[in-house]
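Next, two complexes with chain A in common: one pairs it with chain B, the other with chain C.
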Partner chain A sequence: MLGSLNTRVMLEYLPDIWQGFLSTLMLSTTGFAGALTLGIIACALSIQPVRWLRAPATVYIDAVRATPLLAQLYFLYFGLPRLGIVLPEILIGIIVLSLNSGAYVAEIIRSGILAISRGQVEAAISSGMTYLQRMRLIILPQALRPTISPLIGQAIVLVKDSSLLSLISVVELTRAGQMIAIDRFMPIEGLVATALAYLLLYYLLKLLAGIWSHQNRLPGRA
Partner chain B sequence: MFWLQLNRVIGYWPVLLKGIGMTLALSALSLLIGVVIGFAFGILRAGPNKALSRVVGLYVDFFRGTPFLVQVFIVFFILPEIGIELSAFTAGVVALSNAAACFIGEIVAAGIQSVPTGQTEAAAASGFTRAQQMRLIVLPQAIRVVTPSLVGQFVLLIKDSSVVSAIGLLDLTRSGWMIVQSVPNGLLVFGIVGIGYFAICYPLIWLSRRMERHGQAPIL
Partner chain C sequence: MIEFTNLNKWFGSLHVLKDIDLAVTKGEVVVVCGPSGSGKSTLIRCINGLEPFQKGRLVVDGFDLGSSSVRLRELRMEVGFVFQSFNLYPHKTALENVTLAPIHVRGLSKAEADDRGRALLEKVGLADRMQSYPHQLSGGQQQRVAIARSLCMQPKIMLFDEPTSALDPEMINEVLDVMVSLAREGMTMMVVTHEMGFARKVADRVIFMDRGAIVETADPESFFTNPQSERSRDFLSKVLHH
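Right after this comes the complex of A and B.
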């Protein structure tokens, strides 16, 4: 099995794996940027007081959280042409990744904001601050710090989720690995190379999360 | 046009029903196996044997760090090479329950570590054996802490089961994929598929949120 792993073929396909790696990196970064944008907007809508503005944010977050990414991907992949919108697969992929992770980002930021004690808000109100001032000066600085670790966690999920784009024939890591399998009938070599590349990204992000939480330990907490 | 297509999709109800059945069977079976193995992982991970904890940690990291789709391919393509021939369904259950066990293991380990050491010490002083301490003192408290996250994990498992359609298993997502080949309206077909998943997952999400809010957790 692993003893008979054909490392020569793996090396031969290294440029393809590297291309796939870069592509996955690009999909993940743009996807995550989109997710942050959407997540902040959805979160802002879901915690502000006007009810009819809150509803669409809640529907979006719940619909995304209760359905699988693959179904969301097919929904737009098979659905957009129906509306006369023809986009390249890679763009559909980035949109779906952003939409999907955006809902989780919204929840992460929301729970950071809701964790702030009521007294902080009341003190800000009684000091005569407006809603925007409270948000900017009191709530967000305290709320964002504890969200960094879960956000890195979401980035890890997004990197892994981007592998599903191979199913709508976007060329990224998983697809690159499959090419070895198809060209050479060597599924193991392709899968091992792919898995190792993903693990590299995983450990890098995990390291980042570790460094962050080590540097930002609050006094008196473990 | 829309009503005509809706009618045609509804005409495919046996396929959709089969898909939902497969999704439920796959998820339920994997959930059961995943919880059992996951608790074993968690206990080993939080246990006193450092070497064993490290080994389980590495194994768990491998499956937490790679995409589930890649894992499905690994189970489906690599296991046969070492002489383990699996049907698509068995391969799906193996991949799903293994991934679930890895995530549940970390949740359980964190839950066990959240139980104060005073509890174990008191139990040891009262003459409980190690197994008894775990079974009677630590686990009951840990389970209370981890239940909301576990339910959240079940939702992830049900959603992950859609990925297994990539090896040709006819689950809910695959049934949508088949129907969309003859009724070319992705919004409609996968809208219906989405409603199916929503009906299964949303009650669990609701339950998990409710438990979190009602402080199922800290009795300590």
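Right after this comes the complex of A and C.
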């Protein structure tokens, strides 16, 4: 079947695929930047001791993890205009990706922090450090190191999830692939072209993960 | 320097410290011993505010720990704490472990803190391990770094919670030697330990705890040779046979 791929059509649509690729890259980076910000805030709220500050973080994380991304997307897409908030589709898309991924990022960072032994915290407290100093100097540097792989995993999920934005007519990779299918009745050519582009993004992220872990080895440790 | 008055503490319904009365003066070295679960750790953890208490009074270096306005951070700068499990920061070198709090809490410049830190690491016999990470050091070396880390804040009081009980026997003495010289320099110390040699050498007093109460207070020689209470005799016979 692959032998019968119409590569001429694929090449013809290369500029569109390239546009889709750039668009997906942009959606994913902004979406993930938003997710990191939201995730860090939600995580910070969920581990601090004041209950009424913890509650909104818990509700947010649970609500996102319990519902499908597609439902979240439609909820904002149809819900926001009802509240009188009219945003461009692409912005709604980025908000949904950030909100969705942010909840998972919060959980990843939280598990890293909870893995730090009580003794580390006590040593820091005993030396007179403030809460913020403990976080910045002792807890986060240790907690974040093992979260980098799961975070990159989450970024990979986000890249793939961004394809759902094609449903609210944001032009990105999946949408670009569908155009080949629709214009030329060649669904396989469209799918293969987009799959290759997603694969490229995947390897870019894996490369990043590799470089990071190479640079951040503890000296003297494999 | 440290003054407990009728202090009581509960963990939920468990009464872990019962009517503690104890005064430690400047330069004094007090050894605390007693069976497991008797409240020794809890007692010294109250002194730097790691554990709150419910009743009674505790004043340390002029700080009233019972008051709600007590400036715990300022107190903690004056009180070093050495843990059984060292608790060195694994992502920092020995020297960084030692200089971190002086730089960020005391506000020393990096150069000043480095000078002070190097001198202390030399003093505990680790001049050649300053750039090592904790996982590259033996238990005894790690505990000596931990002691240097506390000392680098130039505290007025040092607390030790079983500093040698996680160590292999051949490493115990290198840590005790550091503690002995610290005691001889006049540091005010409270040490939870069953190391009788250490107590005999430098302790002014030995306190024996059982089930949350101070059962006996004596000078080390009489405590070890002629314990007064039934429970301390019982405890000593067990420890001595080990």
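Definition applied: the second predicted complex is superposed on the first by the 211 of 222 C-alpha atoms of A that agree within 3 Å, B and C clash if a C-alpha of one lies under 4 Å from a C-alpha of the other, contacts with A are read in each partner's own complex, and residues count from 1 in each chain.
Heads up, the rule we're going with is that a residue touches a chain if its C-beta (ideal position, glycine included) is under 8 Å from a C-beta of that chain, and two chains touch if they have at least 3 such contacts.
Treat the numbers as computed from the prediction; the structure is a model and nothing was measured.
For chain A, the partner touching the most residues, choosing from chain B and chain C, is B.
After overlaying the two complexes on the shared chain, residue contacts for A:S28 are found with neither chain B nor chain C.
Of the two partner chains placed around the shared chain by superposition, chain B is the only one that A:Y77 touches, whereas chain C remains out of contact.
When the two complexes are overlaid on their common chain A, residue A:Q142 makes contact with chain C while staying clear of chain B.
Look at A:N100: by the touch rule set out above, it reaches neither chain B nor chain C. By the touch criterion stated above, A:I125 is placed in contact with chain C alone, chain B being left untouched.
Of the two partner chains placed around the shared chain by superposition, neither chain B nor chain C is touched by A:S46. In the overlay built on the shared chain, the residue A:A195 is in contact with chain B alone; chain C does not reach it. According to the touch criterion, chain A has no shared surface contacted by chain B in one complex and chain C in the other. By the touch criterion stated above, chain A contacts chain C in their complex at residues 117, 119-120, 122-123, 125-130, 133, 137-138, 141-142, 145, 218-221. Chain A meets chain B in the complex at residues 1, 62-63, 65-72, 74-83, 156, 160-164, 166-167, 174, 177-178, 181, 187-188, 191, 194-195, 198-199, 201-203, 206. By the touch criterion given at the top, residues 61-62, 64-70, 73-74, 77-78, 81-82, 155, 158-163, 165-166, 172-173, 176-177, 180, 184-187, 189-191, 193-194, 197-198, 201-202, 205 of chain B touch chain A in their complex. Residues of chain C that touch chain A in their complex: 48, 50, 73-74, 76-77, 79-81, 83, 85, 87-91, 100-101, 104-105, 132-133, 135-136, 149-150, 153.
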